[in-house]
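In the two complexes that follow, chain A is the common piece, with chain B as its partner first and chain C second.
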Partner chain A sequence: MGKKPLFNIFELFVLLLKYAKLSLKSILEYKFDRTFITIAIVCREMISVVVMFLILVRFVHIKGWEYNEMFFLYSFLFLSYSIFVLFFAGMRDFAEMIYSGEFDRVLTRPLGLMYQIIASKIDLSAGLGHGIVGVILFTKTAFSVGIDWNIKNIVYYIVILISGAVIQASIFLFASCFSFWTVKTDNLRNMIFFNARRFSGYPISFYPGIIQKLLMFVIPFAFVNYFPAQFYLNKAEINSFWNGFLYLSPAVGAIMFVLVYMFWRQGVRHYSSTGTSR
Partner chain B sequence: MRAYVEFAKKAFQNNIAYRADYVAGVINAIVMIFVNICIWKAIYEDEQTVDGVQFKILITYVVISFLMQCIYAMDEYHIEYKVRSGAIGLDLLKPMSFSGYIFSYNIGILVFRVVMQLIPALIVSIVLFKMYPPFSLSMAIYFLISTILGYLVLYNLNFIVWISSFWFYWTFSLVTIKDAAVMILSGALLPLWFMPQALVDFINLTPFASIYYVPITIYLGQVPMEEIALVMAKQLIWALGLFIAGKLLWKTALKKLVVQGG
Partner chain C sequence: MPLIEVNNLVKDYKLNVRKKGLLGSIHSLLVPEYKMKRAVDNISFSINKGEMVGFIGPNGAGKSTTVKMLTGILVPTSGQISIGGLSPHRDRRKNAMRLGVVFGQRTQLWWDLPAIDTFELLRYIYKIPEKIYRQNMNLFNDLLEINEFMSQPVRQLSLGQRMRADIAAALLHNPEIIFFDEPTIGLDVIAKEKVREFIRYINREKGTTMLFTTHDMQDIEKTCRRMIIIDEGTTIYDGTVEHIKESYGTSRTLVADFPEVIHSIDIPGVEVIEEKGRKKWLRFQKDEVQVSNLIYELTQKYGIIDLTVQEPEIEGIIREIYQGGIKIDESLCRVC
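Moving on, here comes the complex of A and B:
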């Protein structure tokens, strides 16, 4: 679609804010419920944190990883997931858009499709829930694992978190694309995504080679937390991996997004409505 | 009684419709067991044996716990759905006990999960993970009884949470917080013997240990013969106590429903 864009960058940004304002308004309609849901999500996510904490209270370190390093590693998962559901929740719930017929409405508007999908949704409760856990873990550990937080490290940290969010969003959008061909993949996606995330809570060096390979090349969660954390921690075990992996997270995110975007465009071309639009 | 058996059958059949869900359930359980075993392996590589608790016992603990989680899963939002959709009004008119209906509905799910999830997951676990069999035949029988009691404790606890939908309408938050408490305090994810003493003392004042920890330790033969009657009596008391609490709450809830006009 080589059309001249209808809006310039500035206008698109203002529109993004308007979208955000609308989403927030509908969310904050039920302030009490939303607060409660956020608390519940914090509790749910704290389960694995508490278990890890209790294990480390007892054993002090696992395979050379001590308390602070483990939780620093874990914090990447929560923070990047939080960014993912705050900014890319539309990509996460894209399949839903097709089933409900909402996608038809998106198609008729004079705006980029991907832009609308990303702008249309914010999952504030999950974003805050994961964000709170992530921030707690980060602030408790980031200053006691020997990281010099200079400008370079801070900038790369932000880049890594966004890359992690994009990687996760790409996984979700990839699975959603199958709904263009009316194949339901939600179950499979959730299973693959959340199990991969479960593995990633601990250093990948704990697992047999095949699981490590899966987490690096198939569902690349290793680039969401393990390699980014190792960039800062530089633990000796990193020598068993190629050194370049430490810097690859942004590239993995970008490549995945481009590939999934191309696949998604194929899907849009193939799309025929479910006819359920209200 | 026949009606309730039919409810259970219905729930069983409903579940069969969601094939993908139960395959996912089996795979999730196996992945969780595997992740946990990898972590314990990593820990034990550091310290050989800890507290005299053999690595293999721990593996068995993990496997049994996740298999129990498979079958302890209930339909957490059934009552909430009934209350919100108003279907509960019709259900109450029917000549049946509503709580009896909910119980048989969940028993249907339980049977479904035993057949479709527990058995495949158990076979895979026995092949993949080198777990111990029950400590002895009598312990195996006590384990089964204790697991049933554990189920009843959890069910009655859940029932109280479900009934809260008469007041809250959306119970996602409460259910999730309850789940978090159960997961940690019942020893489902980490045996209580690894926890700090103060926490264990607290847990002993709550029903949580009765749900997972007691049955699993019986399986492992860690509860001496003479104490078995005691721990099971404790389970039974918790199940009954929570059952009565649930009944009382149910009565209040009904009044609340009448006030609203259903």
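Moving on, here comes the complex of A and C:
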């Protein structure tokens, strides 16, 4: 139709920065509280890391994995989660927007809906908390597990972290979509997400086939950390999986996002035909 | 050509009928039952550029649903809305550029930040040129005195201050049309007056088209010439405020203070509607009973210490319309 868009890419980018600035300013209003949340997250996660460490040092390796490699695998979870809550916290907390009526306001703005949702929120505290743990694990392990950090490997590493963030954001947005039909799913979502994440703390080869399949095809956490880590570690057990999985994380992220986005559009359509609850 | 045209607008809601109790809620989860509710039933009206129109009606009459359809939040079940040639939901973003929306019950300001931060963001959201932004900020400060609280976090503002900031925020991009959803709710008399004065000024100076929904008849009387009354999803009146007063406000009340307690007053056409000590409230129709005759008669019979004559307030008339006491004449509906 050749319609001229209301905003060009540059304007959208500048506006994104403006939103980010306000989000950060809001967080700084509660410096003390937010700092404590960050510290609390770091403590909580570090305790699980330490416990894992204490158990693992007793063994030289489990099923061919030594503990440095395990923690390298674990670091993907933290770093990708950190990116997810820094950039896509709006997708995580979208259900709240529906309940509070804030979504009505979003609909009266001359901007895209998904754009506004992503732009309107940054969870700095959680981002930092998980980020710090992730960076600690990464720096302790990344240089002692035999990875050659050349340009190609660095670029793919960044791509893979973003893919992991998008996969997790999609899971959260999927759950949030049910609020369009006024169904609360927060608890179900938390149960599924955090249990899957806990499983992913260890290589999926440790688990029976059914759980492996679950983590690959249903809640695809295997693409957040196992296959990405294997891309770098190249442990022999990878031969029991199709080799292509090593490169598939970006595709999984993209496909999941597109599917969830389509479901979300359906939700928006339902919302504007019912206005929910009332 | 009118700026806003609404034709045969209908909105049905599908309500999930929930049953009581645990078994009931499991049942309705598995076998959902729906009931259709028609919130807006065939409403048509048109509004010209620069008009100020009050939307009134009891709770649940369909006002908010209509406003939500006009702003593009809800999609109509059937019927057409055209706002300057655009459809609010199909051309949502383009239409949004020209609209300002004030929800009295909800703020669009960032709660933890000074209002000025939201204003700065809006400048980019609506692509407001620097010059217009400055002009408007000065104007809003002159009329609403927003500068005195602009740098305090919004959560610390009084309701009146917050409302002023919210209205200014909605007007920052010089919208052609503004929707006010209960803009004076919860405000004190002075704050209300300030808001109304500002709204009148903007309408006069900028020619902005304005639509209100409110429960406060004073809002309508002091700002709008035209009002649309909605009840049970249909328009029951669309015309001027004066017209409805002339047609239905024909009763007068004489409040008289007598020298002693009087037990009954027997004058044809006069009804005692209230009494308190020696004071009585007497209602009569102005075209049946002449006020001068009534006063003369009362003075002759009982003597009067003090008296006032009250005109019915629009509020009273509207109350009677809502309660079904006044049936609006078909012919009245399309007077303007």
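To be clear about the criterion, the second predicted complex is superposed on the first by the 267 of 278 C-alpha atoms of A that agree within 3 Å, B and C clash if a C-alpha of one lies under 4 Å from a C-alpha of the other, contacts with A are read in each partner's own complex, and residues count from 1 in each chain.
We adopt the following convention: a residue touches a chain if its C-beta (ideal position, glycine included) is under 8 Å from a C-beta of that chain, and two chains touch if they have at least 3 such contacts.
What you see is a predicted model, and the numbers here were worked out from it, not measured in a lab.
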{"item": "Three-chain arrangement built on chain A, chain B and chain C clash or fit", "value": "fit"}
{"item": "Partner chain(s) touched by A:Gly101 [first = chain B, second = chain C, both, neither]", "value": "second"}
{"item": "Partner chain(s) touched by A:Tyr202 [first = chain B, second = chain C, both, neither]", "value": "first"}
{"item": "Which of chain B and chain C A:Tyr19 touches, first, second, both or neither", "value": "second"}
{"item": "Vertex chain A, arms to chain B and chain C (CA centres, degrees, nearest 10)", "value": "90"}
{"item": "Touching partner for A:Ser272 - first (chain B), second (chain C), both, neither", "value": "second"}
{"item": "First (chain B), second (chain C), both or neither touched by A:Met46", "value": "first"}
{"item": "Touched partner set for A:Glu29, first chain B, second chain C, both or neither", "value": "second"}
{"item": "Chain C versus chain B, contacts on chain A by residue", "value": "B"}
{"item": "Partner chain(s) touched by A:Glu11 [first = chain B, second = chain C, both, neither]", "value": "second"}
{"item": "Touched partner set for A:Gly112, first chain B, second chain C, both or neither", "value": "second"}
{"item": "Lowest C-alpha to C-alpha distance for chain C against chain B (Å)", "value": "10"}
{"item": "Residues of chain B touching chain A in the complex", "value": "20-21, 24, 27-28, 31-32, 35, 38-39, 41-43, 45-47, 50, 170, 172-174, 176-177, 179-180, 183-184, 189-190, 194-196"}
{"item": "Of chain A, residues touching chain C in the complex", "value": "6-7, 11, 14-15, 18-19, 22, 25-26, 29-30, 101-102, 104-105, 107-112, 269, 272-275, 278"}
{"item": "Parts of chain C lying in touch with chain A, wherever the complex brings them together", "value": "13-14, 65, 68, 71-75, 77, 89, 92-94, 96-97, 99, 101, 103, 106, 108, 110-113, 117-118, 120-121, 124-127, 153"}
{"item": "Partner chain B, residues of chain A touching it in the complex", "value": "33, 36-37, 39-41, 43-44, 46-47, 50-51, 54-55, 57-59, 61-64, 184, 187-188, 190-191, 194-195, 198-199, 202, 206-208, 211"}
